[in-house]
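Each of the two complexes below includes chain A, the first together with chain B, the second together with chain C.
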Partner chain A sequence: MRNRMKFIIIIVMLIAIVLTHLLTGTFSLAPGDLLALLTNQAGEDVELVLFEFRMPRIIVTLVCGAALALSGLILQVISKNPLADPGIIGVNAGSGFGVVLFIMFISGSMSQHLYALPLMSFIGGLATVLIIFFLSFMGGTFKSNIFILIGIATAMGVTGFVYVFTSMFDETQMEMLNRYFAGNIWGDTWPFVYISVPYILIVAAFVFFRIREMGMLNLDDEMLIGFGMNVNKEKIILIILSAMLSSLAVSVCGAISFIGLIAPHISRLLFGQDMKVLFFSSLLIGGVLLTGADLLGKLVLAPTIIPTGIVVALIGGPYFLRLLLKARQI
Partner chain B sequence: MILEAKDIKKSYGNRFNRTEVLKGIDMNIEKGEFVSIMGASGSGKTTLLNVLSSIDRVSSGHIQIEGADITQMKDKQLAHFRKNDLGFIFQEYNLLDTLTVKENILLPLSIRNMKKDEVDRQFERVAGELGIHELSGKYPNEISGGQQQRTSAARAFIHQPKIIFADEPTGALDSKSASNLLKKLQQMNVASRSTIMMVTHDATAASYSGRVIFLKDGLVYSTLRRGGRPQEEFYKEIMNTQSVLGGVGVES
Partner chain C sequence: MDRKWYPLPITLMGILLSFVVAMMFGTNTYTLQQVLGVIFTLDMTDQAHQILYEIRMPRVLGALLAGFMISISGLVLQSVTHNDLSEPSILGINAGANLAIIVGALLLPTLPFIGVMGVGFAGGMLVGLVILSLTRYRSPMHLILAGAGISLLLYAVTDFLVITFGLGQYVAFFTAGGAAGQSMSNIVLVFPIALVLVAVLLFLSKELDVLLFGDEMAVSLGQNQTLYRRVTLVLAIMLASMAVAMVGNVVFLGLLVPHIVKMLFGNMHRFTIIYTGMLGAMIFALSDMFARVFNETPVNAIIAVIGLPFFIYIIKKRGRKYA
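Moving on to the complex of A and B:
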């Protein structure tokens, strides 16, 4: 029952954030406008702002936050390391590399090639995670203790590559890349909702059916092998799902770190270790965190907008350091 | 004969840097035996147990379990074989904190489709034999280390495996809980005619078994059989062999 109460509080927070989001911005609305919208009496400008600008952005941030959180939860389960996060281990860098290739070879702006950019970003992120994963598989067994370190090293290497390429960029190209790395929610229109949200939901559904296995991965590998579980296969499936979730998310959201670290961590603090509960609470808290950060970025220095990724990093960085110091291990 | 190992070798490393841990081990285990494997730290006890139980692959040699050569089996076949025919106990209890004692014990059954009344029957059996009943609704963090390891043992026996492999099962226990667990293992060995193979570096623990195999430098150094002797006498002989072997008993 106490868990239910906590869930209700989180959902109320989420609703509050979403409502504030809908009502605030350069064109601020009154609660009455929302009611008018529901009863089909709203003016065209209100409808435009809500439907075309704010709704898709909220949906994208909500779902991407949830996806990043679930991706982080999976990585933490597989690596048996609570500090794992898709951003920290190089998904963002890999996606960034995809973005660089896009800018270099396809276009310096995203208007004509709406889908090519997220696609390249997705492929870049996915490829990076797979590389990291196979590097940590050297010697036949997955070494979770070095997984994170390999991830950080790979992220640095890929970032290096990114900068090599950027030396050839002009100003507009550079600005575009910076928009990605700052974690600007660039995919904030309906087409981006359509190309990301359904896939994220499908992948999350696949993860849902592996909750049992995820819970069991807390046991030592030898024990699971003894149970007849194909541990390596299980880990590969999960890591691919995790990589898909995070690279889908950053391909429309831009480089966002730390959500995958913080959301599962808060979930564990609030709800304990039950994997099914963690699955849902991580999704919710991930959504709250990213929509919340987006809202803060919009309101704190209004009318100036702070990129969402920067807000997340400003909060997430110290949080990560605190965990790191507490754990004294990587 | 339930297990027959012929000239098994196992080495780790790559082409340029190999260490041979097992250098040609022969071993025959009869059905229903309780065998201990002893040896200095790093002598290859865990490695031997892992290859015999198919958790790890041999570099060469053959292992037959009830006539089937497990070194020739495909991964999928092996997984199936482990699931049905083997039980494991490790030094770490390996219990899930989110499950009750009973749920933990039933974990190996939950992976297969077994009827509920059959599941209950199996649980009653091991819970009775291992004295788990009063613990069954508790969570691992609410019970002692000894009780946790008994839970872990019950889980190993739940699906009536042909062989139980135990790697230092008493390594983390105080001597009272250790002897309690070993007595239970001994009873299970007699009552259900299950074969038990246990790695230990503790002579007292080994004295509960019927045969002790000593490893040294990747080979079988000697074998002691208890026969009809009292446990005390067997213990002394194990201690003697250990002191001749040297360096045993100091496990890091």
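Moving on to the complex of A and C:
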């Protein structure tokens, strides 16, 4: 019963954020316009702004936030470390590398190759996580701490490597890359919605099928092997799913960290350890956080827009520090 | 005379050699004669001499100096934190110095180089101390996660400032790192400070050895641990922040070099400090040379490409401790 109340509160928050999002921006709307839209009496310009600009952006940020949160939850379960986050372990850097390759070899303006860019970035992120993952096996078993260490190192190394190419970039190319690393949501048109929403739903459904195994992974590996579980196999499946989620999210939204860290943590604070509840609450909270950050970025310094990734980091960083202070044993 | 001093002349020769080689190759290649001519019979009417003396020599000397400082800083940080993976950039010191320098550039656009260095030091120091006091030297894992998280945060703040105030050009230099654009006056300024700091570290090398033994041993040997830990830490952070002010954010160098040296010469600090500094200087100057040859690639990128596999190797080899 109490959980239901909490869920309702979160959903109300989400609706409030979405509504404010719809109404504010360079072209302000009155609440009456929304009603007019529902009754099909709105003007051309209102319809254009809402349908072509604001709606797709909100949907994309919502699902990407959810995907990042779920990806973080999986990583935390697998590594048994509450501080794991897709951004910290190198997904963003890998995707950034994909973006750089794109700018190098395909180039041109973004509008010409609407899909090639997210695709390259997606492949970059996915490949990076998988490489890190396979490097973290020692003596045939997956070592979660090694995974995180190698991930952090790879994030640093690949970011450095990216600069090998930037020396050949001109002004506009450099700006594009900076936009990516600052976490600007660039996939804010309907085609991205059509791709990312079904994709994320399907991957999330796959994760949900493994929810019981995920819950059990909290136990010691030896114990699980004793129960007859193929721990390595479960971890491999889950990590691939996690990488698929986060690399899609960053390829559409740009380099965004900390959502995957904070959302599962808040859910744990609110809902305890039941993995099934955590699954849904992380998704929801992730969506709330990213749309909220996007909204803040739009409103705080209006008319200047702060990139969403920066807003997330400015909020998430101190939260991370607090977690670190509290964490007794890692 | 300890046997481990024997390689010293060789490393000194190595430094000289890498200086000469780094002077010779770059966007333009010069002959050995021209390089030697600049050193012994400088003739400012000769155009090649002029370029070598005014542009390339400060750059090569700056690279040598920066490599020297970063590597020693990494070595000391590893000993003090009891952590094989410590390094200025991993602990967030670079990110802190970076942010402070940007803030400095915003508030006081005409800050002279010594001011930039001071500001960078303050920033690096602050972040280093915050991270170390938050984690209280607990576990390597903890320390590294803290560093990674705080770096992410600080770089986000830096990005934010850069985007709102349009400092892109100024910052591209720091994030990419590079020894380009050094001036002789900066080097003349930094060199004596670096020498003094390293001399103090050498003077404290016995204490650093004791720190390596671990907490119980240090206490039972009667060492005032907190004092030496703090002093050496401050020195190491100073070295690292000065390097950031000079060449920007260089990752992995402070990790790579001390490990190679420790493999060769063991753990006694009076050897490792010297050899680490020398080797670091050589590696950084030569990487910078390659950077120049390959179309002015940022040198940080080259170090990262060498450093990443090495880092993974170290983790895999000594990983049992962390796993």
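In this section, the second predicted complex is superposed on the first by the 326 of 330 C-alpha atoms of A that agree within 3 Å, B and C clash if a C-alpha of one lies under 4 Å from a C-alpha of the other, contacts with A are read in each partner's own complex, and residues count from 1 in each chain.
Assume contacts are C-beta pairs under 8 Å (C-beta built on N, C-alpha and C of every residue); 3 or more make two chains touch, one makes a residue touch a chain.
Quick caveat, the model's predicted, so the values are computed rather than measured.
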Which of chain B and chain C A:M216 touches, first, second, both or neither: first
Most chain A residues touched (candidates chain B, chain C): C
Touched partner set for A:G272, first chain B, second chain C, both or neither: first
Chain B versus chain C as contact partner of A:A153, first or second or both or neither: second
Touched partner set for A:I225, first chain B, second chain C, both or neither: first
Chain B partner contacts - residues on chain A that touch it in the complex: 215-216, 218-220, 222-223, 225-230, 272-275
Parts of chain C lying in touch with chain A, wherever the complex brings them together: 85, 89-90, 134-135, 138-139, 141-142, 144-146, 148-150, 152-157, 159-160, 163-164, 168, 172, 175-177, 251-252, 295-298, 300-305, 307-308, 311-312, 315-316, 319-320, 322-323
Touch list for chain B against partner chain A, complex: 50, 53, 55, 75-76, 79-84, 86-88, 90, 92, 94, 96-98, 107-108, 111, 165
Residues of chain A defined as touching chain C within the complex: 81, 83, 87-88, 135, 138, 143, 145-146, 148-150, 152-164, 166-168, 174-175, 178, 181-182, 257-258, 301, 304, 306-307, 309-310, 313-314, 316-318, 320-321, 324-325, 327, 329-330
